[in-house]
Amino acid sequence: MDFRSDNVTGAHPKVLEALVAANRDAVSSYGEDPISERVTRKLQAIFETDCAVFPVATGTAANVLALSSMTPPWGAIFCHEVSHIAVDECGAPEFFTGGAKLVTLGGKGGKIAAAEIEARGGAGKGVVHHVQPAAVSITQATEFGAVYRQEEIAAVGAACKRHGLRYHMDGARFANALVTLNRSPADLTWRAGVEALSFGATKNGALGVEAVILFDKTLTPEFELRRKRGGHLFSKMRYLSAQLEAYLEGDLWLANARHANAMAKRLAEGLARLPGSQLEYEVETNEIFVRLPEPAVAGLEREGFRFYRWDGAQLLRLVAAWNTPAAAVDAFLAAAKRLLAANAA
Amino acid sequence: MDFRSDNVTGAHPKVLEALVAANRDAVSSYGEDPISERVTRKLQAIFETDCAVFPVATGTAANVLALSSMTPPWGAIFCHEVSHIAVDECGAPEFFTGGAKLVTLGGKGGKIAAAEIEARGGAGKGVVHHVQPAAVSITQATEFGAVYRQEEIAAVGAACKRHGLRYHMDGARFANALVTLNRSPADLTWRAGVEALSFGATKNGALGVEAVILFDKTLTPEFELRRKRGGHLFSKMRYLSAQLEAYLEGDLWLANARHANAMAKRLAEGLARLPGSQLEYEVETNEIFVRLPEPAVAGLEREGFRFYRWDGAQLLRLVAAWNTPAAAVDAFLAAAKRLLAANAA
Amino acid sequence: MDFRSDNVTGAHPKVLEALVAANRDAVSSYGEDPISERVTRKLQAIFETDCAVFPVATGTAANVLALSSMTPPWGAIFCHEVSHIAVDECGAPEFFTGGAKLVTLGGKGGKIAAAEIEARGGAGKGVVHHVQPAAVSITQATEFGAVYRQEEIAAVGAACKRHGLRYHMDGARFANALVTLNRSPADLTWRAGVEALSFGATKNGALGVEAVILFDKTLTPEFELRRKRGGHLFSKMRYLSAQLEAYLEGDLWLANARHANAMAKRLAEGLARLPGSQLEYEVETNEIFVRLPEPAVAGLEREGFRFYRWDGAQLLRLVAAWNTPAAAVDAFLAAAKRLLAANAA
Amino acid sequence: MDFRSDNVTGAHPKVLEALVAANRDAVSSYGEDPISERVTRKLQAIFETDCAVFPVATGTAANVLALSSMTPPWGAIFCHEVSHIAVDECGAPEFFTGGAKLVTLGGKGGKIAAAEIEARGGAGKGVVHHVQPAAVSITQATEFGAVYRQEEIAAVGAACKRHGLRYHMDGARFANALVTLNRSPADLTWRAGVEALSFGATKNGALGVEAVILFDKTLTPEFELRRKRGGHLFSKMRYLSAQLEAYLEGDLWLANARHANAMAKRLAEGLARLPGSQLEYEVETNEIFVRLPEPAVAGLEREGFRFYRWDGAQLLRLVAAWNTPAAAVDAFLAAAKRLLAANAA
């Protein structure tokens, strides 16, 4: 009954089985192994294009290795003010880029609007006093669980193209967005202009692996050097790749995301029915932001439910994961109902 | 029959079992889990001191996060000219330190002499035109498989102390050195002045984990920020820690290293008996550098034995690992014997 | 009749005379000359404290060398969203700090409020996912010509102290602010908590020199290394110092600033009397922001007056300098009056 | 009688006159002034090519802005082990490049041999574990006063071309080399493959200015951003350019260098005749390295002659400058003769 994050969960048994299976024989290190090769081919098939694939172990690594391959030290990266790269990575993008500037934008639900990029994407270009517009990074799904529609992604892509900006997508929860949208991975990425994707797996059933997918393969040589130089090239790469292979096999990643989203929906619908509870955002993926009165929040905590008080007060973030049991959701709802009723009395 | 490196091997079954065992329940992320806590206590016991312990996933990460916490951007890091940090990390130390300078020194077998540090450790200090002596990094065991004796480590430590230099040990193969020396881990590190150790596990039976051990805990706050900022803080930390726990449990790490060293010794002794073969260095751990005539080298390759031609010619590096079978060693020796005899004929 | 900036002007004749006078004899380089020594003593007298003084040649150098000596790579620097460091230095602060983050704040007239620092100065402290609050930089006078009062400076200083933040003042136009406020340099800086000041001279009558003044001398060793490493340590330092000596001698700096401010006042008062002209900010120093109808703006341009269209449209920035003739001001006013009248007709 | 360096001298009177003459009118800042334009045209004429010209104020700035525009963060820069960039810039190249590695080479008189570049210029190319060969920097004249012949420069250039390396020349004393060689500036730079030159003036009669000359103009956009971001773009650029204009006018730079070299020759020839004195290197420009017995060295110091003990002992560096009087040389020789005779007695 821990709703704090999708990173408090374990890994899917099939992912662990894949690790055990990978643990055979001596194989070439640093990604020259057959599993890594298969994962690349599998992701190329899923994304219907000849992309480059680089497994790394953390989401921060995926984001900053991609972004730094797309942004010079004097570049500006446009992103949302609540985005992970802006808020939760301790300045890793600045570090890896050699001091680029994150220009943060507002926007409902954690989404930035194409119009903002249209308006600012050329600011200061060619004027040495100003950082130079270089890249855009969007988060799919966003930190508030919202999902960019294909046309929204493409509109940002068009603005990037017009201004000569690189285009990155932080897809730490890409699977959750995908199953909501019911569109092809290709439609939601490179066909809409995205050039690099941080393809998340850790939160959705892996132990610790993400794939950086470069749709623009000209970025590859620099990316590979940055990965090594960042300490993110694994000698025993097979164990990252094996996680990804199991994650993709039989569409496990989609099944996991569907389950997480369904549990979030169940929770959200239950909360919507409770007087005194107020959902902060529409629930499109696996994150719920809900406001409850303090006695109910404190009561839930007392009863052992775990979640974040997002604002330090009564706005709760509840995250459903690939393995959240329906029973846990129902238990939370029952407790909330009881506590809210007691509070209202 | 792959002697290329100890990183082409798989992981010890007990390490994998530990991963499976760790895959239970929701636990706090980013190292706030019970396994991580236990690993810290275990390493504190092994090293007989209240050290700080940080699991990371690659040796490069371990080295550069430690070094950058000990060296300002204008610092000089003294190290051997063949050291991993100088040669094999694509400038990662320069990147993480913000541009420090590796001052490379010679020295037999990949070992640097305390006298060198004594002589150069104060050069340019306080003169703004020059980089400032900041740290020393030694490798135990070295890239050539040599081992620093306790008194050698301590002599470097004394030179560091005299010149106000930080002291780091790259212990990617610390276990192999330890079992050779038969001294306590404490004697070979902090009691000899070492302030930070990259404690390797990947090459010796893990999937991908090293521990940075800070004997000087004042380095901790900066280290923790650098780890996050470098993309090296794992959300599901339990899976790094579980590897380490199994690695340490029942002295598995020592048993693995003993086996690797024993296989290397068996191989070296066999080679020493073969006319036409010439060992380049004394074999103290699990690496062998041997010179053979080209027909023999080519013959071994043809027969499917794998190894590196270290100089691109006839100097071979052969690495024995925790799981190298005696039969593989014997097969190599038999083939070498036969090929050398044919060549001599 | 060029009102574009106070950096389009030449230098005061006395400053040039000082250069000629300094051009005698061989003297020690890198600041070990008697003129540099005298400048330090003079500024210590002016600021009534034992500060450290470092002449550098550009305002950007002054700001970023100071800030980078006060901010770790993972630090946050709070500053105004229109500040020179945030907007006009091409990311130099990010470069010199190794990737720190400028957290930009709003505030009337380019001034940030102490309350903002109080509210945000501790955010994320000790949490590795977030950049760490490290420093505050205010601009005196601001980019809009506004002046911080002593109590405002001190209030920010108190907030810095409470949160353990470093405190920097960009004083590219410090002289202009000083003569407006009629307080002692000490009161407006270190007595109010400021630890480092970029003390401008270039815009106010020098050829190209600013002094970084460190009120906290513990910053000195790191600053000196950063200055050299940044390429900002001059071998023939005497020529920077000679400019400063003449600039300070006989309070030339104050006379220059008084003149510039007086000319700005004359211009502002004239404009205030013209129907159709609208001053955007109160004029406290030597910068005027005024809105005129397009025909008047175009007319002024046609007649050879030079200024910036601040917003690319009809908001003009007019800057008065140490050598702006009253006649030029009057000519501008006469033309504006005529053009506005024609436009109104 | 100060032979410590050519940077302890003042500036040529004509350079100061040019500053005074430049001090007229308001002109556009940041290099958009007519003097800067004229200097570019003048240097294009001198170098017989359409090069880009950027005045900066220090030699370190010139070197590192040029090198960082030619070298990625993971690049290797080949240079001599005594070169200014390797030894005397406090790691500025590492800082500006974002952590590139200076690979230092030996070579007589401070010169590196083309054969070294041929041999090492491709090492590790494309292998992510190693820094990538990126650039070569030679110093003309070298730190020991030696001069690269045209064919030597061209041979290094050919090696650069073969390996795809960028080619930089640190010409802090370019004028001194030029007058020794009696070849055209074009022959000694771009016609021999040099792509960027740090063209020194400070040591040879200016107050503080060097020109970065980019023969490959594709480097320009990045260079301009790096210059600003490094704090090296002067608002009142006219005062840098005016120095250069006077320096070039009427071949003042060549006359100055000829004088310095002639004085060095006079000194060297005098020393060569003195028993007990031993010249360390052939004297090709304006630097002399001579070994004298300690009593003579101490005696010279006692009598007020100033110079560096290069090795901290009895190897003296004596530098002649554009304004060294013959009388000073003769006085030194007379004193040395007397002291050596006394010592021999």
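We just call them A, B, C and D in the order they show up, numbering each chain from 1.
Keep this in mind: a residue touches a chain if its C-beta (ideal position, glycine included) is under 8 Å from a C-beta of that chain, and two chains touch if they have at least 3 such contacts.
The model shown is predicted, which means the values in this text are computed figures rather than measured ones.
Legend: contact pairs of B-C compared by residue number with B-D, A-D or A-B; the interface matching in over half of them is A-D.
The chain with its C-alpha centre at the largest distance from the centre of chain B is C. Between C-D and A-C, more C-beta contact pairs join the chains of C-D. Separation between the centroids of chain A and chain D, computed from CA atoms only, is 52 Å.
Averaging C-alpha coordinates per chain places the centre of chain C 34 Å away from that of chain D. Chain centres here are Cα averages; for chain A and chain C they lie 43 Å apart. With touch defined as above, residues shared between interfaces to two or more other chains in chain B number as follows: 73-74, 89-91, 95, 98, 128-129, 225, 228-229, 233. Residues 2, 4-5, 7-11, 13, 16, 19-20, 22-29, 56-61, 64-65, 89-92, 95-96, 202-203, 207-208, 225, 228-236, 239-240, 306 of chain D are the ones touching chain C in the complex.
On the side of chain A, the complex with chain C involves touching residues 73-74, 87-91, 94-95, 97-102, 128-131. Against chain D, the residues of chain A that register as touching in their complex are 30, 72-74, 98, 128-129, 132, 221-222, 224-229, 233.
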